[in-house]
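My questions all concern the structure below.
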Amino acid sequence: MKNSAVLAGHNWAPATAGNYSIRLPDGLIAITVSGEDKGDLGPHSVMTVDAGGKATDHRKPSAETLLHIKLYEHYPGCHAVLHTHSVASTVLTRRYAQLSHLTLTDYEFLKLFPGIASHSAKLEIPIIDNSQDMQALSAKISPLLSPDMRAYLIRGHGLYVWSENMTLARRLTEAVEFMLSCELELRRERNEPIADL
Amino acid sequence: MKNSAVLAGHNWAPATAGNYSIRLPDGLIAITVSGEDKGDLGPHSVMTVDAGGKATDHRKPSAETLLHIKLYEHYPGCHAVLHTHSVASTVLTRRYAQLSHLTLTDYEFLKLFPGIASHSAKLEIPIIDNSQDMQALSAKISPLLSPDMRAYLIRGHGLYVWSENMTLARRLTEAVEFMLSCELELRRERNEPIADL
Amino acid sequence: MKNSAVLAGHNWAPATAGNYSIRLPDGLIAITVSGEDKGDLGPHSVMTVDAGGKATDHRKPSAETLLHIKLYEHYPGCHAVLHTHSVASTVLTRRYAQLSHLTLTDYEFLKLFPGIASHSAKLEIPIIDNSQDMQALSAKISPLLSPDMRAYLIRGHGLYVWSENMTLARRLTEAVEFMLSCELELRRERNEPIADL
Amino acid sequence: MKNSAVLAGHNWAPATAGNYSIRLPDGLIAITVSGEDKGDLGPHSVMTVDAGGKATDHRKPSAETLLHIKLYEHYPGCHAVLHTHSVASTVLTRRYAQLSHLTLTDYEFLKLFPGIASHSAKLEIPIIDNSQDMQALSAKISPLLSPDMRAYLIRGHGLYVWSENMTLARRLTEAVEFMLSCELELRRERNEPIADL
């Protein structure tokens, strides 16, 4: 899987972090299994679940499958979900522990997002606090999902991105991570309180 | 295309960012199409336009084709134009939002530029504000183009570099990006106002 | 050896730094020899020593073999030890020269470690001062080894990680290094005394 | 040439920067030619000069050939010289414009250098000011060359490293660059005057 190797090459899925899924034509979801290196996927690294998240074989899906399922429910046009972990997303969401979203503006890359025609638009990416309770995480994120949204962040954890297909989702991930790297650098001089240290 | 893979390897063309062109012996311009990964170009990733920017087939050229055309008009010896996006160029041009150019001096790499024989020379790279109106961008940059110039920056957006051929343009891009990475590090201690945050 | 190439790709074993070992089914330890590039291991790059660290051929094992032996002694379930050098581990352990351990919390990656079920747990990684006397280093680290421990740091030198097999040890190394990269960034604003400069 | 690809992979020879040489058994020096990418050397990328720096064919050797020749003269055991350009070496030597050498201590890597048995030793790497006059550069560096020295820096320009063979020189380059990356990070909080900005 070429896209997964690209993501691993950026170090956005170290160890066994991250999980990726696509919605198949029959409505089943193919999703990566837990506990494998996401940059080196083989034929047994992916399993299928139904639209409710129930496995079609005996394997137990990743706990975070629920978050993928919720995105497919909300976005009928969405056929690919990528969840990655990067140093920039981890650091930014922890450093600004008081923020409920990250506002990105003045980036040419914003034009990749639906409804945005100019770099001067504002893209708000929600940040939700991390939890090991996927029902709780899902309940926090669901009310925030708006039609043009394509990305959210989990604090100290990582990024979710979704789109019409895997190539577009991978490109949105690259665009968001590029902007996060810029924000990390641009915000360095700021002396905002660092709440979580 | 080897040079495009090198640029992508540096993460200077994430998502579908960037566009590259060459002037062909017959005066037509071969330029990358919009909406494709610039690190993985195939035979259909490039189209041709005439010296006025009009496509030779039914495809619509990238909006930024106009900026390439203007460079070929001004520089008869120019046969290759590279437009890349890097974190360093984005951050530096936004952090110093009041600057109309970036002055580079005391770099051995300066000797790669025409008319420069010593690291102690000063290279001024113009910075123009970003716009979605290519005619407006072009009108801003045209009066600044001087005979020995080989690079300009668009604020929060990226870098344009041009040269006699694609290998030389790729090397100038590497040289400018190296110096921008140094500047980002050298200027970190400065407490200049950060106008755009 | 795929895992060694991954580690070298992250620049965690520059020059001839680092050494890696596995415990073989017969109880012997296969360990990399000194003075070779750890990212490019060949058939002669590994030698075997017995459980006491004595070579099974005429070659002299690396001085740090003793530290590997001690880990295999303390952890009967441990079959792989990785010792790497990174910029982040070197800088963090030197910058906080007064710290005897680094506390990692609020990272999703913590769940890879035994006994940890939530990102909100605290993982304490011991830091011991560097020494060229391996007996002294070993005497310092031995009393600190607790059952669930999988990593320690040597100040200004590098990281030791151990696990059930080489793949798991490589993943723990990736997880620790990811968190160290985050800590380096998160702690940058702090004005703690820098004792070793 | 494997070693040159390793150096290019670290971005220590962007554009056509850097030059590499070896002393052949017959006393001639094989040295890379100017104006080529040092990460992609072909059969025509290397020329030979005699012990006085005079080309054995019609090609004009790189101006910096003189600096290689001087090292071979001073160090009869030296058979390989590497000259690289990195962001870290450029930034550190410019930021500390008043320093005539960089002192490295408390690094495990110091043990790779002749005469050093412990991380607690001090390695002094001379820094000389950049010049386009190779005779002048050579005259500045010659009196500083001591028997155990294996590296010097040219301010805002790059690093020279030499050793018994190319593999050892490449490893010393990796060790010095690793320590420079650490120094860049460790010295960030210091508020020394930045003389050259």
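Here the chain labels run A, B, C and D in written order, and each chain numbers its own residues starting at 1.
As a working rule, a contact is a pair of C-beta atoms (placed from the backbone, for glycine too) under 8 Å apart; a residue touches a chain by one contact, two chains touch by 3 or more.
Quantities reported herein were computed from a predicted structural model and do not represent experimental measurements.
Undergrad: Turning chain A onto chain B with a C-alpha fit: angle in degrees, nearest 5?
TA: Between chain A and chain B the superposing rotation measures out at 90 degrees.
Undergrad: Which chain has its C-alpha centre farthest away from the C-alpha centre of chain D?
TA: The most remote chain is A.
Undergrad: Call it same or different for chain A and chain C: same when shared residue numbers make up over half of all numbers used at their interface.
TA: Mostly different residues form this interface, as fewer than half of the numbers used are common to both chains.
Undergrad: Starting from the mean Cα coordinates of chain B and chain D, work out the distance between those two points in Å.
TA: Chain centres of chain B and chain D, defined by C-alpha means, are spaced 31 Å apart.
Undergrad: Could you check chain D for residues that touch two or more other chains and list them?
TA: 188
Undergrad: For this assembly, give the contact graph shape among line, ring, star, complete and other.
TA: Topology of the interface graph: a ring, with each chain touching two neighbours.
Undergrad: Judged by the touch rule stated earlier, which pairs of chains are there in contact?
TA: Between chains, contact exists in these pairs: A-B, A-C, B-D, C-D.
Undergrad: In the complex, go through chain A and note every residue touching chain B.
TA: 10, 106-109, 112, 117-119, 171-172, 174-175, 177-178, 181-182, 185-190
Undergrad: State the interface residues of chain D toward chain B in the complex, per the touch definition above.
TA: These residues of chain D touch chain B: 11, 14-17, 37, 85, 87, 90-91, 94-95, 130, 132, 156-158, 184, 188, 191, 194, 196-197.
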